[in-house]
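The data blocks that follow each hold one structure.
First chain A sits with chain B, and in the next complex the same chain sits with chain C.
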Partner chain A sequence: MRHIVKPLLRHRMMPLLVVLQVALACAIACNALFLLQQKLVPIVTPDGVGHPGRLIVAWNIAPRGNPWPPATLRQTATELHAIPGVVSASLATSWPMETEAQLNATVVADGKGIKASAAIYIGDHLLDTLGLRLLAGRDFSAGEDALVYKGAGLHTDGPTIITQALARRLFPGGDALGKVVRIGDQANAARRTVVGVVAHLMRNEFGQDDREDVDYSMLFPGTASNWPIPIFGVRVRSTAEAAGVRKAMKAVVQRELGPDMIQGIDPAYESYGDMRERMLAQPKAAVWLLSGVSMIVLLVTVVGIMGLTSYWVQQRTRQIGVRRALGARRGNILRDVQLENLLVVGAGILLGMALAYAINLWLMQRYELTRLPWTYLPYGALLMLLLGQLAVLSPALRAARVPPVVATRSV
Partner chain B sequence: MLDYYLRLALSRCRQNVPMVLLLVLTMAVGIAACMTAMTIFRALSGAPLPGVSPHLYVATMDAREAVDQDSPDYKRPDSLLKLADAKALVDAHRAVQQVAVAQSLTQIGQPDGSQSAQAYGLMAYGPALQAFGVPLRYGRPWTEAEQASNAPVIVIDTEVAQKLFGTKNAVGRSVMLGRHRFRVIGVSAPWHPRVQMFDVQHDQGTVMGQAMMFFVPAQASLDAGVGPFLAGECGKDAAVASFQSTQVAQCRWMEAWVRLDTPAQLDAYGPFLAGYANAQHDAGRFVYPPQAKLYGTQAWLALNHVVPDDVHLNMMLAGGFLLLCLVNVAGLLAARFLRRQGDVAIRRALGASKRDVFVQHLVETGLLGLIGGVLALPLTWLGLWIVRMQPVSYAAAAQFSAGVFVILFGLSVGVGLLVGILPAWRVCRLPPALQIKLA
Partner chain C sequence: MLRYYLDLGRRSLARSPVLTALIVVLTGAGVASSMVTFAVLRAMSADPMPGKSAQLYEPQIDNWGPANLGANGEPPLTLSYTDAEALLHAHAAPRQAALYQVGLSLVPMDATRAPFTVKGYAVTANFFPMFNVPFVYGGPWSADEGKGADALVISRRLNERLFGGADSVGREVRLDDHDYRVVGVAGSWNPQPRFYADDRLNDNDDHGDAPDVFLPFAYAVDRQLAFTWGDYCPPDYKGTSWDAHLHSECAWIAFWAELPTPADARRYLGFLHDYATEQQRLGRFSWPPNVRLRNVMQLLDYVHAVPEQTRMSFLLALGLQLVCLVNVVGLLLAKFMRRSTEIGVRRALGASRGAIGLQFLTEAALVGAVGGLLGVLLTGMGVYGAGALFTPKVARLVHIDAGLLGLTVMVSIVATVLAALYPVWRAARVQPGWQLKSN
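What follows is the complex of A and B.
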């Protein structure tokens, strides 16, 4: 060991440069991969919506002046349902993959006090129209769906359907059915009784605060009053009929609501699949960028280690020759160079991990980021050590090939 | 001498082309990544209105007139005011300039209906054009008398003028705004803030400033049936007014901007604003303590996260990446130089001073840096093109400009010299006798 450490200490520049490179690469790659993982959450989490191609959504419907009365909107929804090929039609306040209107609330498990931030979708026949998978309980009844709230509906008691993730969070280790969720943490907050649990339903805004959060959603039946931007969704029987239904849908909405719409803002009639693509395009782009950067960072580091080590080996050709002449085997030389690399890269990793953590802490203070999980560190360290060994392989083999006769050559 | 060093550097580059390629490519990738991120950062982080917005401040206060049970706390500074409060602040004339504005989106047409244009614009109380430094091409802004008498006058921009009248000088013509006929008294040059700065609290995801194509006194516009794009906060009891409503008497929908040029003016205006707000609270109008505060434009945009965090994070990522590339190149250069200790020793023995050797090596690294910069140019262009293709709100900011080119040039030479310092210093440190022996 001594014969490896000593030269490193005597000729400090080369090992120091490698340490510095590894540390920087470690710090950058750890933070980039952490950001990447956060961007991946909405892409890989199931959104719960069945057959995205069969769901058509009309949104960006903005009234000039006062909002439409619920009766007018209900009438429009009824007419949408009457379009041939439509299986289910909904009128809602907000919609997955659409952030123009959002309803989010801190919800509390009644009696237990466990809190969570959840997205709330209010509308009729949402379970069928969204094509959600009901795991337990029941859908809302026709009577519940027919309800018209005085306001948005957040202050009214009633039934609710929640996602499994939210159920597990609010009522850990127990059945959520029949339990009560309070909408808000005030004493007079509305009480919603859980009547159903669905597998998944993504919230319409993906924050970066908590990983599980993205699947915390609730459904309320009924129709909100005074809601400025209503959204209509229809589910069609087959994808083949989608184009025709979309056209008919546009005609109905224009006929019923067109005269009172804002001039210059046109409603969008899109398939849910397209909305999802558009919404996820940004995180996807970020994933490509971050993975590209991480790859290049690691590549640059490998090349750098390779370049420096081969010089370092070349410098010591004569010493290696002497050691070979004194009886060291090729394997000994190979292992020595590899061990030396392990030491130097290890030192770089230690420094890099500290740096990665410091950067993460600093970023956390300034931006909406969460703490870098500890689990990143061993994986990152292992990856860097492997890359270091990979980079040193070719110079180490060259060192091992140095013939003992070099020792006897001119001085 | 420099010329000789350059030739020396070139001939050495030719000796080991793969190595040189690796060096300049590493530098080029680092520089290009940094330049791409910096271009976007520069476009978005500067003053929204260069020369003007650094002196502009927006007034914020908790101006709610009814108890709000859902959110009794004043968590985030609020810039929206009722027209009455906005008028009071503007009419007080306590700043260098003051104006209250709200954005609107409407159709502007010829009186006979033959031509019309969809236009974003500002409804204003006060001298909006002067306060925001909007350049006027023809005509004049409205006067206080015109504003006081609710005269139907309007300033449109050259693009609307061109579209409606086929000429840029539309002063004296009439346009239809809502139900009324407005006289065009001025034509402004196309104008937009570089970054969105109006009503940023309600604005989600818009980063680039919207072009404002008309400017109109607020009351005259309301009279004509054209309201603000968003009616803002309208109290719990009032009917929910939403878009383009003129029923805004109960709503907080205007933002008051003031221009303050000196710290003394700023110090004096703060207490005035607080005094006004507290008086409203004491009179029972504002139900909560108003906590009135002025925000500079930049601070206001930062507070409301107008520029996405991603822009800052990418800038840091790119900066870190460039640093890594620099360390990498410095290491490779050190190896490259130290391999040639023999040559250096001979030069030293023949009388070259340490300084000469140092300069010679710096010239070589500077040259490499320059080549790296030249290679970084297309790479930066490519990077910006990729960003423009992305579905991000700031894609339009990724434009190559002369400023970018100058920074890139400076950066590449700077990088070349910086990475050369350590290796060049190392190579000239050994005494010549020892160097010859080593060789």
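What follows is the complex of A and C.
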């Protein structure tokens, strides 16, 4: 060990540069990968919606003056359902992958006091139209779907269907069916009884980071009154019929609601798949950016270690020759160079971890960011050590090939 | 001498092409990554109205009360009609403007052409001089003319479309079953971000097109032309008619005051405070005055017009460049120290330490310049590719200009020279005798 550490201390600059480089790379890569993982959440989490190409959504429908009465909107939904090829039609207040309208609330497990922030979708036949997978319980009954609320419906008692993730969060003990969820934490908050649990349903705005949060959603049956921007969704039988249904849908909405729409705001008629693409475009771009930067940083570091080590090996050719002449085997030389790299990179990692945390703290102060989970550190360390070993392999092999005869030359 | 050093540098760089290429690529990639993100950041945080933005202020008045405001207690960005009218009539600033966004369907005179939607703003007459709107033909309507008249200012683009770009002053345009008379054709005017209609700042659906039409504010209100966006009503608002909406506390009018000096701004803030106090005394507000006065850049900062992601990517790119630089330090050190013998010979022949230092600095600057050229190329590609990484609205704002390219080369050279300082110092300290002896 001594013969490895001593030269490191004598020629400080070369190892110091490697340490610095590893530390910087480690700090940047850790933070970039942490951000990357957060951006990945909405991309990799299932949104729960079945056959995105078969779901067409009409949104951005803005009334001139007062909101349309629920009866008019219901009538429109009924006519949408009557379009040939349509399996199910819904009228809703908000929609996944659409953030123009959002209903979010702090919901509380009744009696237990466990809280969570959840997105609430209010509308009729949502289970069928969204194509959600029911894991337990039942769909809303026709009577429940026919309900018209006085306001949005957040303050009314009734049934609800929640996602499995939310059920697990609110009722960790197990079966959520039949349990009551309070909408809000006030004493008079509405009570919603869980009648069904669906596999997934993504909320319509993704928070910055919370991983499970993105799948915390609830469905309420019925129709909201006085809701300024209604959304219609229809599910078609097959993707082939989607284009035709879309055209018919546009005609129906224009005929029923067109005269009372604000001029200059054109409703959007989009397939859910397209909406999803659009909504995820930004996280995807961020993922590309972050992964690209991380890759380049790591690549540059590997190249840097390689360049510096090979220079260093070259400088010490004579010493290596002497050691070989004095009986060191090739394996010894190889191992020594690798061990040396391990020490230097290890020091770099230690410094890098501290730096990563410092950067994270600084970012947390300035931006809405959560703390870097410590689990990143061992993985990051392992990755850097492996990359360090990879980088040193070729210079180390070259060092091991130095013939003992070098020691006798040019003295 | 410098020329000799440049020649020496060129020869030395050519002698180890792989190492040189590596340094050049690292420098180029590092500088390009920070330049691309810098271009985006620059585009996003640019002053939308240079020279004027410090004089344009947006007053905010809390007409909702603490119970209805967000947790931060900030008043709405827009004003209610009541407050906007009161401020307009008080004339507390040399110039004031009120505006709201409208959308209308334009029916071409030529019946064979289909109607289409135009977007624009209902504005008071002072809007045009306040926001430096240029005119190709005609001009703004006069203050009296705007009151009852159906005057209209159209954009150059709409003028092209309707009248083939001819002087259309006095011609008629039919919007929503009503004929308007063109009084002016606005030239190119499209400040970005669209700060003047503040609620559209963070709207991703807005593609940043210039407004098509401007029509008189008072007339638009009389005609009950509905706002297309940004009506914020207190939760208890139940009104149904236009008239009820006008007299409600709904905030929907963007309001601006031109205040040439900071003293004017202070005075105006005082006026706002007095106004709110008066409203409290009259019983309209049951809370103490809560008013704000922000100029354009303060407003952009307040509404976070620059997305966090943009700043983050810039920071990330800076980190990347730092990593590249540390790498360059190591590589230059390796490169220079390999030539200890050469240095020893030069020193023995009488070259001073300074001369050696200058020679190697010149070489480093040369590498930096080449890296900078590569950086320019990569920056160009990066900005071109920004459309894939950022939203189209952002990508459209990002552009390359001579300044950015010059900056790229300069940053590259400066960074490389900085990175070379330590290796050069080491090179200059090489002992001539020692080097000559060992060979």
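By our rule, the second predicted complex is superposed on the first by the 409 of 411 C-alpha atoms of A that agree within 3 Å, B and C clash if a C-alpha of one lies under 4 Å from a C-alpha of the other, contacts with A are read in each partner's own complex, and residues count from 1 in each chain.
Just so we're on the same page, a contact is a pair of C-beta atoms (placed from the backbone, for glycine too) under 8 Å apart; a residue touches a chain by one contact, two chains touch by 3 or more.
Everything numeric here is computed off the predicted structure, so don't read it as measured data.
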With the two complexes overlaid on their shared chain, look at chain A and say whether chain B and chain C clash or fit.
clash
Between chain B (first) and chain C (second), which, if any, makes contact with A:53: first, second, both or neither?
neither
Partner chain in contact with A:404 - chain B first, chain C second, else both or neither
neither
In the superposed arrangement, does A:184 touch chain B (first), chain C (second), both or neither?
first
Is A:301 touching anything from chain B or chain C once the two structures are fitted on A? First, second, both or neither.
both
Going by the contact rule set out at the top, does A:137 touch chain B (first), chain C (second), both, or neither?
neither
What is the contact status of A:266 with respect to chain B (first) and chain C (second): first, second, both, or neither?
second
Residues of chain A at both interfaces, chain B in one complex, chain C in the other:
13-14, 17-18, 20-21, 24-25, 27-28, 32, 35, 62, 64-66, 262-265, 281-282, 285-286, 289-290, 293, 296-297, 300-301, 303-304, 307-308, 311, 314-315, 363, 367-368
Flag every residue of chain A that touches chain B in the complex, lowest number first.
13-14, 17-18, 20-21, 24-25, 27-28, 31-32, 35, 62-67, 99-100, 184, 186, 226-229, 262-265, 278, 281-282, 285-286, 289-290, 293, 296-297, 300-301, 303-304, 307-308, 310-312, 314-315, 363, 366-368
Which positions of chain A touch chain C when the two form their complex?
13-14, 17-18, 20-21, 24-25, 27-28, 32, 35, 60, 62, 64-66, 262-266, 281-282, 285-286, 288-290, 293, 296-297, 300-301, 303-304, 307-308, 311, 314-315, 363, 367-368, 410
In their shared complex, chain A is touched by residues of chain C numbered 19, 22, 26, 29, 33, 102-105, 117-119, 176, 205, 226, 228-229, 240-242, 308-309, 311-313, 315-317, 319-320, 322-324, 326-327, 329-331, 333-334, 337-338, 388-391, 422, 426, 438-439
For the chain B and chain A complex, residues of the former touching the latter:
19, 22, 26, 29, 33, 69-70, 105-107, 118, 204-205, 227, 239-247, 309-310, 312-314, 316-317, 320-321, 323-325, 327-328, 330-332, 334-335, 338-339, 390-392, 422, 426
